[in-house]
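What follows is a structure written as structure tokens; I'll ask about it next.
Lettered A, B, C and D in written order, each chain numbered from 1.
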């Protein structure tokens, strides 16, 4: 069982601009996430942020990333298209991708899924959320009970314009009357993608252990498998078969 | 476009034993459902109930049923196994099946899906339910807006032990804190199955037009398609192919 | 039951440049397809080709298109990105899309699915193909028997880098030893997409009635449904619910 | 990473009655399979056969089985219904199940899937099969290349009456003209099921390393996950929520 190399990517703007967010995540929410994951000895964790050169996602970094965790919100448009395309190809070639909360509007998520993934309902009222487990046998639900409760969160509500998930692990209930598909698994190419809803920057969601447990579980789930070596392009007819003709 | 022959099946016990239920559905909830459907000129609707001979599901009736609507609750065990098996084969051979509310515990639903479909959370408190549309392009959602609201209903909550639906059309929100996969589509054999959650006998749910609209939509969706005529059993090798060997 | 407005789009280059292709489809393969579909009185059929202004896909044309059929091969790169994006949004808003054969490499297909859809195995040897029906209850298989046989076709083989189809209707067998997922259904946004493999330009595939039957079936399947009217964006809390707080 | 306890179940009749089969599998095909799996130090492997008391599947054995491998053919009817029901519940409670070849007709497979799983096409001609990998990122395909080739096998052909698999890993090509969904994954309850086609008793298929590699991979994939602890039955309203009402 090899180590899993994880890169936690964060837009890292709110934390520097909004004192409330700064007080919750003084080193950025990427460091809160990375710090939790580093307690898992199988994970080798680094971070990257938007304002680094190449957004911190150089070839060298991507070559050493098994699973990429993505949080972005207000600066989706500043992510360069060539980086998005490079990350997309990495996912299709087997890299895991975990998209958090407002990352549903990130170019990388939209490009990989092909739909208007920014489209959903929302309300930033700090209301109670319960994430119900609908697939208790799924490894992303390891260690949970019936649901995860978050005291205060931004609401996201259906209709969420995503392709039907290959596996749906969580559905959220919100105090104000909405529901949301909050834990969505996809296979694309040979890579695995997990969308996980919670994590608005003005709430201490990534300090909540059950939330972090899910992200940790998802990292293990999304790690590349050995898989099969397949080829593409022009091929000859089956030779033994031809011999028999 | 041919007529669709619909049989609405009801256990028909609560209505005769419980004055409250009787006052809501004086002729049985099957008649409330059938009455609504009869307004659709493409539908030819009959009813059948548990206490009829063969539960009202003779060969002749099944031969003339394109879509069977099923409501049962307290007498699931009284449904004879041979009738269940017969209905199961009809579904696999193309007949549509719409299972309502407590029908999730019916033998026919359990046998077709293979899991412990009676297993879920519940609370009969008369609380508010909102059924959110998650697949607005699905024909079962025709004519709806964002959600259907039901003033008072029994709550069903996840985890609901069903196979992941082939298509998930509705997710319910309940006032008391739960969510539920409330509109679930399955293909089994050449038949189509739709599970639709609302309809506790002590509330006038089947008098609510949006609920009935969904059932009507589902009848159209579940009606048999012409499909392909396929065969089973021992077959010879491809003859033209053999000729070339 | 309303009419369905169909636009058959073709690259229309091979037919003008290659005498062999010209002899099979003297007016372009779009006209062969359109001609067949016009025999269905419910379909109103027009055509559009790459070299027309806006590739024949003006706002006015798209406004009057319920289902778009797409054939392209050697000039995928010449399709303008803004047109691709416009078509993509139309599909997400409910327009049906039927992608034929080498259209698997078209920008519109790749953008909607998010994977390297050009990646597959191939061999242009004119070998026998059998398309086996794996979902005989599906309306796209209406009127077929166990399989469709095509005397001579280009081979496409797995691994085909697509997201797992929402519904898989056909699997192809090829004389030379390969298999292929040849009839793939997707829901994206409120639109429906069908990929159908056969139709290499050097063979008279679109003159074969069973192949055309499938395309006709797919047009009916992909036609927009009424569906539900859903909204996006910021919403208030549930008012009745609030009232009770 | 804990050990995985595997029980390989075999009908074990052909080997005792047919000299040809006996010569290929002198100790039964269960021992050929178990012998291969025992080389994996993480697997603890036992065997069980039809003619043992309780078919070798006592409570004690099932309590110590993480993954059950099943091969049966001519004596499906002799498997007692109460044992089938017990195994079914174990799968729904998380035990992995790997159904091989003619096991598609076993009661346990039919009960878990709900369709006429015995229905398919077949031909026992000893023809060449190629199992193409369609999901190269799937762990069940670990270590393979484009396909597995088997020199001589019984043919199984579509239409195979199964629910659409949750994940389709392999599609078979047969020399005589057919295709088959040969590697099918299902989640049912909290358990995982894998159907794998090859393994007719008159051919030495389970002596072929690539075939055994797939079974070994499948055992690892099907092993129970920790998952979430969920509950069923009557529940109270959310208390904090009530407090705020």
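Keep this in mind: a residue touches a chain if its C-beta (ideal position, glycine included) is under 8 Å from a C-beta of that chain, and two chains touch if they have at least 3 such contacts.
Protein names from UniProt, one per chain: A, B, C, D = ThuA-like domain-containing protein.
None of these values were measured; they are calculated from a predicted model.
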Lowest number of touching-chain links that must be crossed from chain B to chain D: 1
Of A-C and C-D, pair with higher C-beta contact tally: A-C
Most distant chain from chain D by Cα centroid: C
Approximate Å spacing (C-alpha centroids) for the pair chain C, chain D: 36
Centre-of-Cα separation between chain C and chain A, whole angstrom: 31
Shared-contact residues (touching 2 or more other chains) in chain B: 130, 133, 135-136, 146, 157, 159, 164, 166-167, 175, 177-178, 187, 189, 230-231, 238, 241
Chain contact graph, described as a line, ring, star, complete graph or other shape: complete
Contact set on chain C toward chain B in their complex: 1, 94, 128, 130, 133, 135-139, 141-146, 166-167, 175, 187, 189-192, 224-231, 238, 240-241
Footprint of chain C on chain D - complex, ascending: 130, 132-136, 146, 157-160, 164, 167-168, 171-174, 177-179, 181, 244-245
Residue ranges of chain B touching chain D (in the complex, touch as defined): 88-89, 92, 111-116, 119-123, 125, 127, 157, 159, 161, 163-164, 166, 175-178, 186-189, 230-238, 241-242
